[in-house]
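Provided herewith is a single structure, encoded as structure tokens, for subsequent inquiry.
Just so it is clear, A, B and C label the chains in written order, and each chain counts residues from 1 on its own.
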């Protein structure tokens, strides 16, 4: 190609697109140019001076991180001058850096350690006293050890640019420069931990992981976060059957290295002291611990009795169980002949899919949010409720100058970069959206992201309005939990003549209610006094307290399977650990089915997934993609569900924020701690 | 005064700038001037006014040394202990002040009357040893003046020696209270500006200035005309003229006198430059400590507006120019042109990467020319008397005269206007009347503290940019620091290295860590704990910093180390090996 | 005949002279188990966990010994030192430090890897047991006693309830 720039790097003739930075071009060619402050996706700082290279004809060494390749440029990355410069830079960086690697959390995965090992001088000439500052705690999750900081400004930039929070600054100057949180002594921020994760050294450390172990001591299990519907991959560091930390440094998964506080830290509910570890059965009006076999026999017997008497069994499924479990539960419902099956709907995906029927490529993925030319957000506070989607939009604006339009009830963080932002009461957003017609028409391909207030007719109006613009458009219907979408697609909705969840609760003649991983009685009462209630959950929720039998369930981190995120992307869960006493819901279904002598086919997740691929519309996705930890988009119109079964009136968002996550959030010590810490107001 | 009451004023200040954030320093000054210090609430308030994160407001408060986070005393005494003042006894002055008021730098007297601080160069080396009492520069703090200060009596305005004979700049220095509009006009002022606006094209102006061999007198010596020609002719963006009045190079004090005594010459120069580059908005960045100069310059700007020499349609030429005065707040690095622009935009004074050069993308990402005060003040002369006459005053490649700030151990410290090619010997022995007390010359720094030192044998050199570069040093800002036989070169290096460690912005790691490292080694040697390898280490560290950073601050910090140690090695060796100072012959280090 | 007698006598004398010489030279045979055996200074026996001069544990739970161990026989759990509970000189300490002597091969890599000289080889060698579980030694079994006259600055207290 003629528009490529030709240059020579370490004697190799190379080509790259004009504007490519030398450091990137070298990386592509397999040549490492070491750097600390250079970070893909963030603004250029050129402060660490680690990436200096020799360019023929230049009077001095140049920073490869800010130097675009030029025609016939001759670059040396391993010449004696460059090697020396790196040695000196590292020596400078180490002058005030404590040599406490054995106790430093970063030891073993520290970029400074690696670089000194690879490029550093054997010994230092520095014999002066190091500048010392005591370690500070900024929040329940963020600790800062100033002397270890090498001032690469990565944390400041990821907070400013990546998160849009701008909570960190560098105060003072010269060697006394120090990262300082926005409140002086503490942080008021998203507590996402991105600053900790991005820190090349052990200056910022995590309150959760601190001093627990060393990086090489853990097994790293990549799985999908079980909190919101964005479907971020989180790599859990597991040691001794305990999750020590979560991050995604390898940038696998749709979210790259992004994680919010929930994905990074809020796995701690699994060890909450209130976690159920034994089945409970109501004896003389009180819940008592019983053995699994006794509990399962009791459930199977009771269900069989009710089935034989043609009684009404209502089943409320979960937004957090895997696709396989949801699919199996639906099969279960069919086998016992009950049409009363439902789950909590957090977005009107049913109407969207119906309104779009017949159109191709109408659903956007999380990646699309990063590449689209424009994004319209209607009725959703993305930064609070879907932090990863918000991050993608922000990155798109930073890197591609995409245009963003926001129509929300109150101010949102996206206002800061929105081309236009309008305020509208829930339910009246469409009127505001129509005033954007001209802007939207001229902004290129569009992604529409909408929340739970856009449903039924107003959603149809929105779709037809967008269609009238004549620009290519894709949609994301925001759903609030990790497998809300899967629950819908697997058909956890009423069959012919079936009752919806609120109807089940209101039916006075319900004979049994089976609640799997949900808490419908948190804000409603069960009308049927005599109903036999079975609850599968991790904790003794309001619903579980009313139960006759409670079966302790495993969380998403304790099982395998697949989940579908709010965009319709299917990803695989990996089992990180076992928890004593609890069983995956699938095993529980299987054991109850066996007790009832029902034949529901094999109960292994892999086999059920093959069945899903064969029978659920849109789920015929390439296996290798998810098997290797990728995300496969269900396509083009999803689900196992006729539209008639859905009712927009049932849609009710979770109202979760960055620091709440339904039942799991209530039992996450770190989320509670963060809410109670100074600056809790920020989080309300 | 409450923050709410400041709001209208704040809004007016924000309105002066293209981007709200650029009003950060003015707002911080507004708060500090009215409320005494910048409280945490004030930081939030400013953040709200400017749509800025409070974390970034706090960055500014802590970066600029003049901002206070805590209340100070009713009066503030800032004692300069930089090299030129140190040479003339600043240490003893500070010690006497400390003993008298019984406070240490950074403390306030118990009655809340006086806050004492020790500062780096205030650029008033002609008054050395000097201090700043609130807004007044006072000095020399020898017997009498120091006595007045300690007694709390009024201190008369100092009367240092100034050239008043011109020919180019200093002729109006003869008015101690400044040459105001009427005087300036009577003196033939604004004729050149009128000519430039009404009768000359931008290209003609650039041509004349190039022909005059006018070099950038801030220190880099880049030909002014050529710099202007880099501004893209057909950019849709506005163009800016930025005046660098952030004089900070220790040993230099020329711009202050132009601002105080001949402000209209600067304004006229600005008009000419603005016309040449097609700029309609000029920012004058004046260093924070220059309170009176800034006020005097502001008065001149008001006069110019009132007389139709600023504003819209100047003198019927349909040329517009607005001038905004922007005060710094105590950071040497802001004198570097890109750092100045970052600071002007409301950031910490972090130098930027070049390219892009400011002429292409500078202030607010628009084409910008940054010129020094003295450079601009030369322009009226060039246009009035013709480039040939200006060029003839100087050398082959540098036209005109220069204001030489001569300080240190000379008999008559002061500001001397002399042809660019004057010899250093002539400056010291003729203009400044030789070394004080009949001592012998030991060393001279010819261009501000960053320049490499010259020995007594090397002073037969012309002071123009090219000759000094050829002599292995630089003309820089023409701040001449003279040291006599009694000077301990280690102590001089200690002052220089402390200055650089204090002023490094901290952006690039070699400079941030290197300046501090060098300072710590020098201080250790000075304390009599030198090690045999120290001198070689110092030279090596200086070499390792040099040329590896975004701006040339690291190089400037390296040069003194290299030149002092190389040229006075035996003196340093004796310090290291015996712990004694060969210059002062005192036991264990130079001072008790 | 006489030659024979002389020959035999000299042979006996020669033999006995060796006996006599060995009788006078130091004994190499150990009297173990009646007396403790003697070891070369660098004998690598059962590990000893050291304390510093303040009685604090030298081990800061850096896990380098465990990483260096080719037999994977060292298990550590780390905890953070606080003002109230200070066990080691560094920021953290080993709340659990186990060595599984079923697997240890006494290679000394752990000692070499230790950045704080916390783990050393002692001369203990009586590592026979009736069951394998008894061969997993805990920190308390390997730690040297607090030197006499030294009181560690803070003694561990029970953690507050709910911790």
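We adopt the following convention: a residue touches a chain if its C-beta (ideal position, glycine included) is under 8 Å from a C-beta of that chain, and two chains touch if they have at least 3 such contacts.
Predicted model only: the values in this text are computed from it and were never measured.
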item: Innermost chain by mean C-alpha position; value: A
item: Contact-richer chain pair (by C-beta pairs counted) among A-C and A-B; value: A-B
item: Separation of mean Cα positions, subunit C and subunit B [Å, integer]; value: 68
item: Approximate Å spacing (C-alpha centroids) for the pair subunit A, subunit C; value: 49
item: Centre-to-centre distance between subunit B and subunit A (centres being mean Cα positions), rounded to whole Å; value: 52
item: Subunit B: positions in contact with at least two other chains; value: none
item: Subunit A to subunit B touching residues, read off their complex; value: 44-50, 52, 59-61, 63, 66, 84-85, 88-89, 91-93, 95-96, 125-129, 131, 150-151, 160, 166-177, 180-184
item: Contact set on subunit A toward subunit C in their complex; value: 100-103, 107, 210-214, 216-217, 240
item: Touching residues (chain side subunit B, partner subunit A) in the complex; value: 40, 53-56, 58-59, 61-63, 331, 348, 353, 501-510, 512-517, 520-521, 524, 531, 533, 537, 540-541, 544-545, 547-550
item: Subunit C to subunit A touching residues, read off their complex; value: 60-64, 66-67, 77-80, 90-92, 115-116
